[in-house]
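In structure tokens below, several structures.
In the two complexes below, chain A is the common chain; its partner is chain B in one and chain C in the other.
Then we have the complex of A and B:
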């Protein structure tokens, strides 16, 4: 890999790791279901950016763009369905606290 | 990409991290949804700069646009908290989320000291000149088929989950 591409990859990689830590921490610490989905979305964004950077430094932009479009479609469907589940939980427990889900049977 | 370009990218990445931190640590859920949209918008600019315009357009329209609509509608359909609950929750949240900036600084310091050797051979750029539409429709048709199925499943899931309760259930 050329020195310039390597520098781009390292710069982006540094911030992608920080973004992943941010999303993972949110996912681990929060008790609010909507905020947990937001943490998951941040993780998705880190992965999307990583794929694009890899495509840039290897010169395969077309292939990585096709993969990223697939990832984005999955991301939005996950967000919509998870939002719907959060809404159902809210109607069932009258709150968005994930701890309330422990009380469910099954 | 010159050094000047890399410094612009670094500045954009720093702004992206600030937006992400604001998203995670902000008190209001609505502001968190807007913060996520801002993060998406900055990622869109970065994608444009990394020669991926089609993915950038998708990121902007779907992630920054549609996703924000989904989040805002979900938040608006839930009950707003009372002032007392907000005060209690924010106090508790500050305790838990207060460690995040420290953790990020720690990870950043560790990453600064980690040296990874540049001995990764770049793979031959096969298909570098191929258009993204050709890749999507001719080389990866199974992905497109999967996407269509996922969209249908998602639409059905949203219809089932967001449907109104029947009158006798209230």
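Then we have the complex of A and C:
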């Protein structure tokens, strides 16, 4: 990896880490199911960005493009299923509070 | 033609969902049954005409590259057996034809995803199949649509998505080092360079897989998901999903990419022992049949990881054999819990009692399953545990071996307590006119019990054919 590429990688790396910290924070503090899904989406966005940067610095754009498109598709499916589960929870409990979901304990 | 194991179920699902009316819905069960039975037969016979030849145009068109070795054969056999069991249990627990049809589609999707996981040769395709399996499993857990099932599904969803993010991040960093996603290219790159980034990537990867496999300290989702799911789904999840998605991928990644170095070995030994102990002690206090089996599952997975952590050929052969045994005996115990649930309406152990008088087949097979789980000779669970303990002893890990033996006694204690509460003792009030479980559940439990006894009694030949080649695969 040359010096310039390394600099690009580190610049993007900063934002990737920022995004993933936001996502993790969102996932940890929230009690709302929809916000938890948004937190997960933020994490997926961070990792998508990481894959794009890796493609840029290694010069293998074709491979990483294919990977990124697949990841986006999978992410949408996960979000749709999670949204469906949240909708069901809403219909059962009339709310989206994760504290309602404490019937089972790990 | 290994890729047919993926494409036939996949196109089968597409064709079954074309709007041809009710005939397709009735055909779905028999199609799934045929697919699973063919998979079992092919995995047992190692039929060279099927496994050796490739359909080159199709593989080139879909750009897939599958390869199969001894370990994949064992996993494919487990996947076929457990999916078949789940299908039989489904037949006796879900009666509405539309619900059945949805269930069969999802079951085939999950089973196809797992068959993909065990045959892939590059890390990104592995991730895709992991996601297919995981998404099919979320929907299956939420299938009951009551609040418990939704809670279990949501917890599993969040943690599994987190694991996916970790695995993807690791994949990206490995791409940075290797420039290609195939196992061999990454392994070469790791041996060429000694980069800190690679260590970070492997750390993320192993963490992600441990979440998927439900190992302590990432086990929080597992009892909720197993306990809240409908009976047929519990069988599938406990029997094979977490093993294929977490444990198999871990061993494949370690063997094909990273190699076993001393740090990883120490980590796996420690995590395995902690999982064994936490799972066993937590199982003692459970009042619900399925939750107890879920904790027991964590504990048994600990034995598998302990075997991998020892990393001698004998230990790895023992660990893979225990993986096989675990998927058989844990499926059997979950089938028994399904029988109790269909007849009693709950799996609360305090409400049950003396069921063996009324349900002799369920009672007898559950004794076989419990004794195999606890490692009582001559059942097959004994042989795999003794191999792991002997291998640990030979490698000088005497304390780990001693812990494994002690935990085995705890396993026996809680499983016998369960037997006493649920199946033996005095018949509980209000259960006088209870009947034996329906045909599908009976057939599944007899089949699995026969496999346990058969593998136990015919152990020497089974070991030579199935298990010993796996250990040799890992000598380099």
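Points worth noting:
The criterion applied here is as follows: the second predicted complex is superposed on the first by the 103 of 106 C-alpha atoms of A that agree within 3 Å, B and C clash if a C-alpha of one lies under 4 Å from a C-alpha of the other, contacts with A are read in each partner's own complex, and residues count from 1 in each chain.
Heads up, the rule we're going with is that a contact is a pair of C-beta atoms (placed from the backbone, for glycine too) under 8 Å apart; a residue touches a chain by one contact, two chains touch by 3 or more.
A quick note: this is a predicted structure, and the numbers were derived from the prediction, not measured.
Residue contacts after overlaying the shared chain place A:47 against chain C, while chain B stays out of touching range. When the two complexes are overlaid on their common chain A, residue A:57 makes contact with chain B and with chain C alike. Within the superposed three-chain model, A:88 lies in touch with chain B and with chain C [touch as defined at top].
For chain A, the partner touching the most residues, choosing from chain B and chain C, is B. By the touch criterion defined above, A:76 lies against chain B but remains apart from chain C after alignment on the C-alpha atoms of chain A.
When both complexes are aligned on chain A by C-alpha atoms, chain A residues 55, 57-58, 60, 63-64, 67, 70, 74, 77, 81, 84-86, 88 touch chain B in the first and chain C in the second. On the chain C side of its complex with chain A, the touching residues are 124, 128, 131, 135, 138-139, 142, 145-148, 150-154, 157-158, 161-162, 164-165, 168-169, 171-173, 175-176, 179-181, 219-221, 223-224, 227-228. Put simply, chain A touches chain C in their complex at residues 20, 27, 33, 36, 40, 43-44, 46-47, 50-51, 54-55, 57-58, 60, 63-64, 67, 70-71, 74, 77-78, 81-82, 84-86, 88-89, 92-93, 100-101, 103-106. Note for the complex: chain A touches chain B at residues 1-8, 10-12, 14-15, 17-19, 21-23, 25-26, 29-30, 32, 34-35, 37-39, 41-42, 45, 48-49, 52-53, 55-70, 72-77, 79-81, 83-88, 90-91, 94, 96.
Those residues of chain B whose C-beta lies close enough to touch chain A in the complex are 1, 6, 9-10, 13-14, 16-17, 20-21, 23-24, 29, 32-33, 36, 39-40, 43, 46-47, 50-52, 54-55, 58-59, 62-63, 66-67, 70-71, 73-75, 77-79, 96-97, 99-100, 103-104, 107-108, 111, 116, 118, 120-123, 125-128, 130-132, 134-136, 139-140, 143, 146-147, 150-151, 153-154, 157-158, 160-162, 165.
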